[in-house]
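Have a look at these structures, which come just after this line.
Same chain, two partners: chain A is paired with chain B first, then with chain C.
The block that comes next holds the complex of A and B.
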């Protein structure tokens, strides 16, 4: 019944909104609320949606222009994602592909369609090279940042990583394979054995073979790049096989409260690296409650809103809203164009002070982007599951960006050559 | 290379027999769950010649209904009874709304109709229950959640109590089903319909009643399968993809054989696990479970097109 009511409310709100938004900024989101990955997608999409709902209700949009935020359902299917991109690109000022697979498909189109791609914390890590990927952004941190930070963190524990073994449990999908080149590089540099363990889409909920391999190989650490049902499958198998949870780490997409709720206290000690952290006491959350929850516009619920993923969704929309606001100020306009939003994404400057003004204290580290740096490399925290919730378990970590910059430049160059003719933003050279 | 293929795997098995036992146990549990899904498919195919593409989503739907009813405040076992009532209503609706108007249509039309049922149940289920992963009410149903640790040959063997329960319940379910089909009037009617529709109807067997009954039994099996899988890693729509693992089971065991579904499921569950652990991971980088069962089934089909236990169809012109 609850879902009927929320869906009906959403339909009424969106139909009313469509009529009312005569002059608006169209922000599509290639979301997935259905299918095997819905469980992890829904709280993120709810956070994204509620932030724009809040801006529309509280401020009348951004710079006085309402945000026409619309979701197109992909089910995390790359094919459907491309269809959604084509369907929504007409009036879009940005596209949010929401899967590394979809991002890789849309990436070559970005130079032609000239619509910025915003893939917060996902996508193809070399997109950090703004000179090569002038239309693509993965702020505030990319997968290679995550890999670098995790390995640096593990190298600082128990005598370092030299001579040890790190198992990499990953979804057998472009997303899961994305950081492997950097892990292999780091393994040779630091002298640890890197053991990739793929999990097929059909095996996400039956990972006994993968965890038997982990039992046989006895890795010192398991690092997970999981998503959707894979996270819950891995965590329950880890508990079942009595794996030491304090040696089990996940990327930021493998740190969903609901996945850990399945094992509760048995999962205590599991850690996930994260560039966002929920802060229920933050000003932005109070505004969302006042303008979205109390007016019946949210699709979320209090438990979900207190979790890591909902908060991250809010942060994602804030980053986009800041880019739009920056573009409005720079070009002295209300209704911005995709090119102007691209400028906004390239000139983000989220300082501690600005985050405090936005009511987002502690929810995301400060970061800034530039013509050459489309990631921002905000750094991240290690979050640890205490049996009931995630808590910060480290100071802010920073990726060794210089350490992988050559590999990143080579990958960007290789991509550009493979997709030639590929335009490069020469103006970045002049700025740097 | 030859050593890696023909010697090393067996040496590993001998060197760590406790680990081999663990692999076989995990394969057995997976195999039983594959067999249960295949069983639902076989029952419907035997009685109606319909390949029920919706069996996977029925597993998800049954499990979500159970958890949803429990969350509404019903006691656990009352939720089970209510879920069975829902599955009966679903079976009746499918027969009345989808199948009855299509009687006499080519098999492919009926197959397409089950794809339609799948899409409907996905959308309907997501509207009613949402897409979030739900926690199966394992403990509330009295299913033990601990584990038994054994030390065979000084090694380690971990048996989850819920897996043991799954094996026992699945065994009882299959035994009960075989007894029902073999010893009761209704069971014989189902088998008669499977053998010859026209002849069965001519002696007064109601096609509609049997179809409702068979779809309801498939729904019951779906509920047991959903509880079993859900107890392992939560209940979500991702469970649906596991149903695809029943396809090679049917190719191996034959579409019409109940014993084929069971033996095929167990064979695939254990062989794919053995292959993955001793050959797939060391030699092929792992994740061979995605394709191994299909390759195995195709090899069997090369020699026995009707599957290991299927009946050879001879059409005389």
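The block that comes next holds the complex of A and C.
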């Protein structure tokens, strides 16, 4: 009798043990805490990591299932990225590729491996077309949204853009070149002169030639699509050449506090469009402080946590966590599969109320995704550097998605044709 | 003991000049080929194919191309990455202009474009030598990468400026693109690399190889014994660039699947040069040993902490990895400055003499 009891107990324990092993959701992140882009990567990675640490500590994961959040270091190198992708794809429910190069590598494989790609606010803009890119998501906003919003914003400033000149200082790389077709289209519609100025990967830190050109051309505005060392290079060069900082705009990846700290008050007036905003008073930040910072689990520091990029990392993880939670509710399961997470990402509905519930007031605009719309087009704010920190300098802007939907559909179609046989999801009809 | 050559008599000139004068060498090669053609494909995982087997073979081929030029003909080149790019872009254009073309044929043809470009940039070698020539090839490196960025015809005016490999099939089986299985790609790469290796071994052992070696060792003396230096140097550039071009096409079509211009920038050239130097200049086998050390070892080191259950952060592993690989490179170069191939030669000689070290 006694034996039976111990045996039963052992069986129960072992089954629990097995369950505990299976009961976790593996969420890898292809991070880059080393290499030339580490300075911008670390705050983002810390934000992403801390949000999941907080969920694990506060709620015991999502829907009672622990999140096994693991980083795989790529150093922003495409080669390492592919290595990490191969290493993690066995159990992963999502791929967060991070660099444009890695996204380009992984995107064609998404239909074969059937793991959703989540590229928050980066990657290939036509990924918004959920019918063609069934497994890729770039919520809450893509680069073409940013370009559209910036031009709408500039058009609304003193007398419109007609007859003006906009210089586009960009990294000479897929990432920087991507919005050019849209800018050219907008330039012919609104009647402004569009002047692309490429910055080679080797010239990122020394942009004197580009800024000489800017001085000669006297553009009314400079819009920057920069990353890593290029941002700091451009901003210091702009200050050196006494360019009017209030005429200088950047995309969301060009709004890193540390880059502006280098010039401090001289950089006041610089603006960056952003779909995230750090709100140190938000409920989620307080929870991160109690459950992650105070228990010594964070890798971050208070300075960094007040910055734009840390806040953005938190928002990114929140979007993924919401997708996982949505998938759990829909399929009534704890441990979700990649396919179910894809459903979750496709059916995100982050309303103002839901964001307040999550303690994310003012950190990201409300948005929702659908089968056809994998971006959500949340809109964004213009943030202005006041000499010490970024502050909101505009109401929520919205992208004119209808204005470029033709371009988007054409690019998506071109991609599908170039990669034939490429399955297209015909079941969703409504386009963005 | 294992390498005892007792009783292996050479009774004809042909047997004396054979590729493997010692029977054990042929036996060893047989084992390696057995592993490469049978055992690895049967046992390797997707991860092993994509991060170890395929890249090692492709990098070894690129280093072999460079070795022909630098190791055999003595012409230092820093433009390997760009020549790989020429092969990759040529293959991409061939495939998109002639979609019916067999991918393997396209890959082998793309090397011809690279060979042509290589010969053009090899012309300065007739006048300048050594480090000065390295600078001239460096110019090729910068110019070609710039061209890949600016000449939008090369990437079919794609908005992002990158080339993407479409799904290509051969006799109904996908060999390139996202639909292709790793094992198919591995066999295609292995077949091409094996073919090139056989070609290189025979080329470097024959008349042409001797002409190159003479040019390398002392070009004035070579000229005096009647070697046409122009022909010798330019054939070295052509053959080397052809092989590098093929490796570049394999690099993008059989492995990466997509490429942006800066992929072919100078770090790639240096990587291939390191493989050639650490493996051993003037050796064919060295390229494989070098590729295993430079390409394969970091991947293996990365999975070691996890495999033995150590909980180290991924970023820390990466830092450690860089330090360990760097230290190993220094270590191997100190114990054998002529590379891993020379180290193997030494070990083999000792084994043949064993147990009588005299």
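Just so we're on the same page, the second predicted complex is superposed on the first by the 407 of 432 C-alpha atoms of A that agree within 3 Å, B and C clash if a C-alpha of one lies under 4 Å from a C-alpha of the other, contacts with A are read in each partner's own complex, and residues count from 1 in each chain.
Quick note on the criterion: a contact is a pair of C-beta atoms (placed from the backbone, for glycine too) under 8 Å apart; a residue touches a chain by one contact, two chains touch by 3 or more.
For clarity, every value in this text was computed on a predicted model and none was experimentally measured.
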{"item": "Chain B versus chain C as contact partner of A:31, first or second or both or neither", "value": "second"}
{"item": "Touched partner set for A:279, first chain B, second chain C, both or neither", "value": "neither"}
{"item": "Partner chain in contact with A:419 - chain B first, chain C second, else both or neither", "value": "second"}
{"item": "Touching partner for A:201 - first (chain B), second (chain C), both, neither", "value": "both"}
{"item": "Chain B versus chain C as contact partner of A:172, first or second or both or neither", "value": "both"}
{"item": "Chain B versus chain C as contact partner of A:108, first or second or both or neither", "value": "second"}
{"item": "First (chain B), second (chain C), both or neither touched by A:259", "value": "first"}
{"item": "Which of chain B and chain C A:242 touches, first, second, both or neither", "value": "first"}
{"item": "Which of chain B and chain C A:83 touches, first, second, both or neither", "value": "second"}
{"item": "Chain C-contacting residues of chain A that also contact chain B", "value": "33-34, 172, 200-202"}
{"item": "In the complex with chain A, residue positions of chain C that touch it", "value": "46-47, 50-51, 55, 149, 159-162, 164-167, 177-179, 256-258, 260, 262-263, 265, 299, 302-303, 313-315, 317-319"}
{"item": "Chain B-touching residues of chain A, taken from the complex the two chains share", "value": "3-4, 7, 33-39, 41-42, 172, 196-206, 208-210, 212-213, 215-216, 228-229, 232-233, 236-237, 240-242, 258-259, 261-262"}
{"item": "Parts of chain A lying in touch with chain C, wherever the complex brings them together", "value": "31, 33-34, 70-73, 75, 78-79, 82-83, 86-87, 100-101, 104-105, 108-109, 111-112, 124, 172-174, 177-178, 180-181, 200-202, 411, 418-421"}
{"item": "Touch list for chain B against partner chain A, complex", "value": "16, 19, 22-23, 26, 29-30, 122-123, 126-133, 135, 147, 158, 160, 229, 232-234, 236-242, 244-245, 273, 276-277, 281, 285-287, 289-290"}
